[in-house]
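Multiple structures follow.
Common to both upcoming complexes is chain A, partnered first by chain B, then by chain C.
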Partner chain A sequence: MNESVLSRRSQWAEAVTLYVLCGLGALVISGLLVTVVGASWSDVWNALVDGSVRKPGRWGGTIGVATPLALVALGTMVSNRAGLVNIGQEGQLLIGAAFAAYAGANMVGPGPVALLVVLTSGALGGALWAGIAGGLRYWRKVPEVLSTLLLVSLAANVVGYGLKNSWLLLERGAGLGNRNSVSEQLAPDTRIPHWSLWGNDFAMSAVAVVLLIFLVSWMLNHTLWGYRLSVVGQNQRVARRFGIGETAEGMKSMFISGGMSGLAGGVMLASGDFANYRLVAGFSVSIGWVGLLVALVAGQRALAIIPVAFVFASLRTGSGFLASTGIERRVTDVVQGLIVLALLIPPAIMFIRQRRRALSASRSRV
Partner chain B sequence: MSGGGSASAGPPPAVEVSGLTKNYGAVAACDAVNLQLHRGEIHGILGENGAGKSTLMKMLIGLVVPDAGRISIDGASVRIMSPLEAAQLGIGMVHQHFSLIEALTVWENVALGDRGKLSRSATRASVAELGEQYGLRVDPDVPVGDLPVGLRQRVEILKCLRRQPEILIFDEPTSVLTPEESEDLFASLRQVVNQEDRAVALVSHKLTEILSVTDRVTIMRNGQVVNGYQTDEVGAAALAQDMVGREVRLRSTALGNLGGSPSEAGEPEAEGRSEEISAPTVLELRGLEVRGPEGVVELDDFMLSVRAGEIVGVAGVEGNGQKALVDALSGLQPVIRGEVLVDGEVVEMKRLGASHEAGVAIIPEDRHDSGLVMEMSLAENLMLADPEGFSHRGVIDRGRLDALTEELIERFGIMCTGPHAPLWTLSGGNQQRAVLAREMTSNPKVLVASQPTRGLDVGAIEYMAGQLRQAADDGVGVLLISSELDEIFELADRIVVIFRGQITGEMTRATATREKVGRLMGGDLL
Partner chain C sequence: MGEFFSAVFEVLSTEAAFTAAARFAVLLAFAAAGEWVAERAGTLNISVEGMLLGGAFAAAMGFHITESVAVGLVCAMLAGGTVSMVQAQMSHRLTADPFVVGLTLNILVLGVVGFLESELKPSTRLASVVEVPFLVDLPLVGRALFGQPWPFYLIYVVVPFCGWLLLRTRWGLEVRAVGENPQSADVSGIHVNHRRRQSIYLAGLMAGLGGGYLLFGQVGRFEPGMVGGRGFIALVAVIFGGWRLRATIFGCLLFGSVLSFRLTLPALGYQLNNELLSSLPFLVTIVATSLFVRATRQPAALARPFIRGLK
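What follows is the complex of A and B.
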């Protein structure tokens, strides 16, 4: 007993040391980068913190960005469990947003119901888009890595086409002379209600997503669904022998994964944090890609999505304040990459070391 | 011809290997192997999978560097550090798995590895010329991907022959060929040897092939050379015994008679079980046909039945359909024709998990491949047999699962840190116990055990043997598939022999002799 407690403590120490070292490394490189560009890194830091959390009303906006990031990451985690590499969240999100926008423009009904329909349509759209890749994988043996990725550019073009045609998505009043490809604005009563807390304003969807993360996390670890998903993801021959169909489980997880990205698109639209309740060209603004990074960093721990999504959202909202420091805002993309590395390297090292230890322990035992 | 050094008269052997050793960790893949290949001879190297044949050949071709020992080519001692050096010494190898690029044409593949300027016309001409000379005609302009496997092998051989090697090594060349294609291949091999005085090594685990083609044969087992013959002086039975006759590790404690010769053992037990002959049939296979990935027939009109409480041993040289049999019964390979009956009822093998539900337990040959999920915990692996039983409305009852896992850890003596230990932290023997524990808790009617003791140490082997016997005593029909004759003679009540995907012989334990089984394994009919 004592031994295992001790080893747990030393494992903690190891983890903390590794994370601190890698975090410092990322900070030093980021600092160097900023210095080379000719800015002061303390200015940059202040601008980032001001823009993301410190200035009045900013952290509400950061939550608004973190919400879809977390949804995308959660969906990614589900498909990862089944051993699928879905990297087309950006497209699934965009299609989801388009479905939501179409539903919003064409739904008549009481507000809450309409909102529900808007969000459901978003999820449906994303699920459908991911389902194409899933179907290709299981019935045509097309690697889902390729198909999900290629479907991203297809999604952008499909939505672009929709935004040029008023029978699809283009705002109706706009007329032929209108060069702005924007959709109808969501009616005020089909928008997600916002809360105000200490001068910060954020959509209620954030709370719902946190609850959803807890729910999915629990389901992955405590239900037969989560169990089957893991078996399929790790050994398909064993799964098949015990009657767990990889096609059924894989398709389900693909639908869920895409559905969550699509829902993220719907939430982006209906929360108004992104384009004032309208679908516009380039609406997805890389939320799908960054969400993928969030999932990468969070690994298999669903709850870790919450802080990671918040940090990545902070980089995005904070970068808006960088202009005053005379630095290109895209520097944050590099910083973001460094953070990903700093957070991914320690678990990799720990995994290798732990495995080695466990193997030598089991050898000496038997 | 240096002339000096060789004890025998005449020229030194083309290849002489002495004391060649290669260890992988604690396992000796090749242990002080001696071998001579002579010019003008086809030398068969026979042994089961894992006997060390391939490692030996890889050392000759420079893919593996030996730990100890000497290699001489034409009497001169050499060190072969890479395939390139081997090629310079005139050694060429045709690999078991093709090293061809499917998108390229035949002549392009043949030219691969050439240096200097690439000449299309010269290469095409040489393909045609060699093809004519050895009867290995192939159209040089066809993409290799469009060729059937037999022709692909020709390309592989042409590629090798074009470099004019004096010493040719063929590693399991017929594993993907039809009988006709094999005959063609051997005819051209004979020509290479007789007309051009080259030395050929033919690595194979197929007895008939070795007997019909080679001049001399060396048998390997467990990394060592166990015997060598002039091929025309030896029969299939002797070769089969050399190949599989391992020291009897099993029986020593199980039966308590150390050192007795295997053919004399086990009678009392066989008689003890004879009363159960009237027990109901729990597994019946009627005319099964199973094909491999390339459409090769692996089981052909396969018939077998197992009664409750008996152990049926399936003896046979590996690669005669054993894997297809287990995979088909596991539901991992489709049954094209025929029926599987468990307890008298037809199992709908097309449905996922049907055989498991019908009560067929499997101890697979490779537990990592189809037995266990290595990254999951022991408890989660044990749960596979009945996930619904450990859950309520889709929610897993961890408490109950852990309790049962503790119980099984106790009952099957699984050494681990607890129910939540990831499976990869367990040793091989304990992983095998985990498989056994899971399969037995689902109260099977049939237990299919494929090479259940392979790779285990002595204690684990004894334990496994005892458990199989226990299962039979409890009324389970046990199908034991093993390439170790000792294991079969030790455990089985009835012995059947599998050869080329069919049962070629069946006998009770009392009437079976190693000679008879050995002959059947080699392809003779009773």
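What follows is the complex of A and C.
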């Protein structure tokens, strides 16, 4: 064992030190920002904690926000694994929610079946929207980075159009004078049942999503499908030699990724934590973007999605309590961005340091 | 549908429409010219959106404090440069994924700018219109090209400058080498990631300037949503142009005129669907790139990070 290659324990120590330093750095910058505009950072911190978990009944709401975030992040992880950069979750989520709202308004059937149809059509909508980008990537060589981004703006307009026309999404029976573009409210039996726990109230979908995360995590790491996906993502030449169809796997992962974002949209609609069981203009409230950030922070560890999604959801629900501190609630957007940026640094530094050590080790061996 | 095409035809024959189209196109051109250089170095920066927005906000603050458009534009360039510095350092010194960094930067800049705007509330106005004598009287395009707010004319410097820099200087040759074959460039003594970082700085300065132009030449008042995905369209324009400058500028003109339909068509009295009009630019960019994208022209190392010894 060469001295210049670190032991596993000191590698671990290095990782922890770097993460702590970078995380602190992000927090210090955020604190400075808050102080510069003339608020006290401890007030802000208390307001955030109060609003997200401490005050009675708040953490149920935080779970309600964390659920779609986690779903979006999980989908992102699947397409990441295949080496695709799907960053249009915001649009896929919106289209999914629109499909779900359409199904909800036009379905007749017993409650549980209708709910299932609503959620499935949400997933279908998202998958379709991501599939467009996937198709352009594999058959027209349009980089999916750009097509997914452009499709976000398109999705907002498509849904906006749907919300103005009663044959699509607009609530029927709304008088001509009623210019509010909202969809029909989901019938009570097509809503996701809620669960009350110690004064906190959250939708059952949260539990289902946690189970789904465990399932997908297992599938990514222990099944043939997961393995194929990693091969395609890491080395396409090897994938070709092994006879793994890059297009087929890539498209599949794109569909799954979009489907999960769409499902997140459906869950947002059917859980009622957003906009009271109705689709409204701007329904997605950047859950898609934040979900993407959750995936970035979680990296390749699916289980890490759960805590990260909860933290990011806390920033959102906590921001509602910021008004009393005299600071704009948008400060949480800044904090979010800074945290993500800071957490991108440690793995990169560790990669470089490890390479340097390996290089000098191989040199001293010669 | 027929009505739509007759509307487009009428737009193409009025001076006001050309003026509006030029304004939109020039914003794209500022961003696209710098990004063109950066992409030829093998980098793909989706943070252009954030550079534009950062530039626009810094311009607003610069003007708010000093009451001078020129100072505002300088601030805009600095802000764009700052965003690009983060992008460049994180993705081409450290080895973080460039798309991840770019995306995070976009969200971060939007957050910072939205927050600061609501705290500081900068007040701004449009820059004064300067008419170039004689040229402004040209039929149809005279006012569009020579009767605009003065920051508009910077584009006549920026585009040739970027072209000259990349195609006529040693630095540009090295940048192109880095984009085509970083391994060979590295062996012949070019510091690959150095050149890439520099090209991103250039893209940042230009996009920042574009943001300043957006504020002083087009909108006049700062809003956090004012860029609205047009940075992405500028990126697409480079791809649409097959990584050549003239075709990229043509792409900017095309996409810019589609963007301007939203203003010009209703002004001409056409009652078109609002959603159709605002989604048209994105639809057109997607369709146009999928029809015309030619992967063979792509810089061979586009969007592939360079780490010495790893291929």
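Just so it is clear, the second predicted complex is superposed on the first by the 348 of 366 C-alpha atoms of A that agree within 3 Å, B and C clash if a C-alpha of one lies under 4 Å from a C-alpha of the other, contacts with A are read in each partner's own complex, and residues count from 1 in each chain.
In this section, contacts are C-beta pairs under 8 Å (C-beta built on N, C-alpha and C of every residue); 3 or more make two chains touch, one makes a residue touch a chain.
Here the structure is a predicted model, which means the values were calculated and not measured.
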Item to check | Touched partner set for A:136, first chain B, second chain C, both or neither | outcome: second
Checklist entry - Between chain B (first) and chain C (second), which does A:330 come into contact with in this model arrangement: first, second, both, or neither? => result second
Checklist entry - Which partner does A:319 reach: the first (chain B), the second (chain C), both, or neither? => result neither
Item to check | Residue contacts with chain A in the superposition, chain B compared against chain C | outcome: C
Checklist entry - Now for A:235: first (chain B), second (chain C), both, or neither, which partner does it touch? => result first
Item to check | Which of chain B and chain C A:293 touches, first, second, both or neither | outcome: second
Checklist entry - For A:145, is the partner it touches chain B (first), chain C (second), both, or none of the two (neither)? => result second
Item to check | First, second, both or neither for A:157, with chain B first and chain C second | outcome: second
Checklist entry - Between chain B and chain C, which residues of chain A are contacted by each of them? => result 355
Checklist outcome for this item: Listed in rising order, chain A residues that touch chain B in their complex are 222-225, 227-228, 230-231, 234-235, 237-238, 240-245, 355, 358-359, 361-363, 365-366
Next on the checklist: Considering only the defined contacts, which chain C positions touch chain A in the complex?
Outcome noted: 44, 46, 86, 90, 94-97, 99-101, 103-105, 107-112, 114-115, 118-119, 228-229, 232-233, 235-236, 239, 273, 275-276, 278-279, 282-283, 285-286, 289-291, 293, 295, 303, 307
Checklist outcome for this item: So, in the complex, the side of chain A touching chain C is made of residues 33, 37, 85, 87, 136, 140-143, 145-147, 149-154, 157-158, 160-161, 164, 289, 292-293, 296, 328, 330-331, 333-334, 336-338, 340-341, 344-345, 347-349, 351-352, 355
Item to check | Residues on chain B engaged by chain A in the complex (per definition of touch) | outcome: 330-332, 351-357, 362, 369-376, 380, 383-385, 387-388, 391, 394-396, 398, 415, 422, 424-427, 429-430
